Amino acid sequence: MKKKVYSRLDEVVADVPDGARIMFGGFGGAGFPNNLIQALVRKGVKNITAISNNCGTHDGELGLMFKNNQIKHVIASFPGPHASHFQERFAAKEVTLELVPQGILCERMRAAGAGLQGFYTTVGVGTEVADGKEERVLEGKRCILEMPIRADYAFIKAQKADALGNLTYRLAARNFNPIMAMAARTTIAEVEELVPVGSIEPEHVVTPAIFVHRIVQAKGLHYAG
Amino acid sequence: MKKKVYSRLDEVVADVPDGARIMFGGFGGAGFPNNLIQALVRKGVKNITAISNNCGTHDGELGLMFKNNQIKHVIASFPGPHASHFQERFAAKEVTLELVPQGILCERMRAAGAGLQGFYTTVGVGTEVADGKEERVLEGKRCILEMPIRADYAFIKAQKADALGNLTYRLAARNFNPIMAMAARTTIAEVEELVPVGSIEPEHVVTPAIFVHRIVQAKGLHYAG
Amino acid sequence: MPAETVREKALLEKPRLTREQIAGRAALELPDGAYVNLGWGIPNLIANYLPGEITVYFHSENGILGMGRRAKPGEEDYDLVDAMKIPVTLIPGASFFHQADAHLMTRGGHLDVAVLGGFQVSEKGDLANWKIPGAKGSGGIGGAMDISAGAKKLIVCMEHVTKDGAPKIVKKCTYPLTGLECVDTVITDLAVVDVSPEGLVLREVAPGWRPQDVQKLTGAPLMTKGRVPEIRLP
Amino acid sequence: MPAETVREKALLEKPRLTREQIAGRAALELPDGAYVNLGWGIPNLIANYLPGEITVYFHSENGILGMGRRAKPGEEDYDLVDAMKIPVTLIPGASFFHQADAHLMTRGGHLDVAVLGGFQVSEKGDLANWKIPGAKGSGGIGGAMDISAGAKKLIVCMEHVTKDGAPKIVKKCTYPLTGLECVDTVITDLAVVDVSPEGLVLREVAPGWRPQDVQKLTGAPLMTKGRVPEIRLP
């Protein structure tokens, strides 16, 4: 059977092509797949579409990829004032940005994972977010149509994994990771700990193995920011 | 502060009015709020709209309420050949039925809980399920518009609860319960065990307290079927 | 009585595969490491026929991944049942999740293979499997519509003809539909048939059956690609 | 210079509430047992001013229910941060969940109260709080649009006027909108104002301020219902 556990970070990202659409987990410094991001930096892939709540903090998290000019388009909710490399590229029009409300960003990814073709929401009605989107009234409420956000890869961070791909997350480092794991064609999880199959209680599994395609252990290293 | 824990089953359902829309958790004999259902039978509420994957097994689960002629309309995915009281009432046109694919039933409830106004799906396209529903093509796929299913109450079954309303479920008795808890205006949980606040690990909570409005312990009693 | 009908009646008396053999053949379609959902009826027998050298992870739409064998007498736990309400066991590395996630897996294209029972399959791969026209009672859909809409590969296991000898593989389904253009492969007591953009392809035939005889009991044209081998059995 | 402007300039020099006092007043709006989300800015100070006899459960849109106080030095865990990236603690009975559930809570009407900062609030309760026209950089929305669309009660805490003395409570927002008709109550350094179907209602005024003076610094008509009391402070 094809093994999901990889021993090297560079191996686990080896097939990521230029132009790939990649979801990156993490929020507020917690749950970022920083080791995978740095492997992408070493690999030097270009023209990436990044789907991520924010755009890094200086040289941290996605910051390195913007510094290295690897990302051409971003779908994000809050790029962030400290995302200095992104902000520079954005000001220079080297990166384009689709701003999406945070919950809708997540819900659009979930729709992709759940095999739904779009949904109506009141969020964003009458705002810039509604520009170019279909608007209609349902059950007496103005709503806009939001479409699924799909990706080739999800790069996520978990605490524990077993060899089958069952994952758990630590505290608030859970955030976007379980949803992105459901939404991408190939989900790659950077984990702190590999544990024996069967040692995660079936009732405590947060991301079931079916959503996880590759696992690499990368304890300790955080970001170079 | 208003307490969520009730000591008596009859008290916890005392305000349920005739004509209420109620979601009932459970699947395949596991995770049914049988004690709450029997409290509704004792109370004798009428003209209930029941939202439930199935319609009981003879006198078990929702069977008693059909026997007692308390339900006038059902939204279900698989009423079931052993739902004898339902099938009799249905044949006699005393109960109406909306049949919904199982995953879509759950997704429509989730949409209600998630503040979404409807979603598009390929499920059911070209089938009886699509009758009367809007159809359109999105991203090259034929899909139909499915609307949220809302309810006044969710009657659910959990394994453990703390006094704040955090819940866990046992094995496959989880099924519809966590989604219904999110979808109804008032969620009432029948639980096997009340545990001290703080004794459920924050990472292991399945239904966070915000979704649970009333709790009653009802260990042991299963159904009278 | 026209000669053709007599001949088909004779065909109907020839030995066909048993339900267990259909399940055994279907088991060979499951790749190592696959995530698989098995529906009611013949599909539910498939787990008994898995080749020993492969591991398959069974999904149950009530919220289990990694279902094991059925529970033995005395071992039953009625909080651990499959979608047919039958007590089961778990394999190491199993997980539980709620119904929305269970069907996110079916609809969202996460299952590698789903195997469902069928009343009719059309030459375009339409499936009818939830309601017999005129049957008593409410009927029920269950998870079949979500599963058929989303599985990466959908196999239907069924008898090739009804009890009355009418083909169940047809040009156009006359029974209420479960899903459009969703079936990839049909495995029956007479044949393995693939649905392709060009039409139905007869891949294998039951022992002792000739392609032209299978065609006679089939309501839509079957193409062949070279010699059609006998059905493989485990 | 017209007399009216001189008078308003004088008004602007009168003492107003501090940011802490605005937060203190807002804390009184939180009912016992409420599930509450606090946004960036003044709202984030509110947790410090809760009356001792009530319990409130704080939701953080990164996936926490039951957030406690901020972590003390040495106590920080960077996997346990709030939506502002600040290390926090938990109260007993807290829970973690993923982002989709976190915003299911905001959009789905599960939060009893949300308190957000604001740049402008219109007389219909429209909110603008995410982007200053002409500001540099990409801007960012974060959770504000989901929260404003879904909270059972939405309170906005902000200064009553800009640094230049321009009203922030206006007939129609000129800044990019966050949400339409979503604000229930505005708490400023000068007043507590409710949004009602008939228009804005001045509920309380800052100590030493008269309703007519607050009106002069407000861009939309304020109704009063009888005598307007002084702002309550904890």
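When the chains are written out, they are named A, B, C and D in that same order, and each has its own residue count from 1.
As a convention for this text, a contact is a pair of C-beta atoms (placed from the backbone, for glycine too) under 8 Å apart; a residue touches a chain by one contact, two chains touch by 3 or more.
This is a predicted model, so every value here is computed, not measured.
Shared contacts of subunit C and subunit D, meaning chains that touch the two of them, come down to A, B.
As a matter of contact connectivity, taking subunit D out of the picture leaves the rest undivided, in one piece. Two chain pairs, A-D and B-D, are weighed by contacting C-beta pairs, with A-D ahead.
Centroid distances built from C-alpha atoms place D farthest away from subunit B.
For the pair subunit B and subunit C, the distance between mean C-alpha positions equals 30 Å. Averaged Cα coordinates give subunit B a centre that lies 36 Å from the centre of subunit D. Counting partners per residue, subunit A has 107, 110, 114-116, 121-123, 169-171, 174, 202-203, 206 as the residues that reach two or more other chains.
Across the assembly, subunit D contributes residues 96-97, 100, 103-104, 106-107, 149-150 that each touch 2 or more other chains.
Of all possible chain pairs, those that touch are A-B, A-C, A-D, B-C, B-D. On subunit A, the positions that touch subunit B within their shared complex are 107, 111, 114-123, 138-139, 141, 143, 147, 168-171, 174, 202-204, 206. Interface residues of subunit D, counted against subunit A in their complex, comprise 60-64, 77-85, 96-100, 102-104, 106-107, 126, 131, 136-146, 149-150, 176-180. By the touch criterion given at the top, residues 1-2, 110, 112-116, 162-164, 166, 182, 197-198, 200, 202-203, 205, 208-211 of subunit B touch subunit D in their complex. Taken together, the subunit D residues at the contact with subunit B in this complex read 32-33, 35, 54-55, 57, 59, 65-66, 90, 92-97, 100-101, 103-111, 149-150.
Contact residues of subunit B toward subunit C in the complex are 27-31, 53-55, 76-81, 86-87, 90-91, 97, 99-104, 106-107, 110, 121-129, 142, 169-179, 206.
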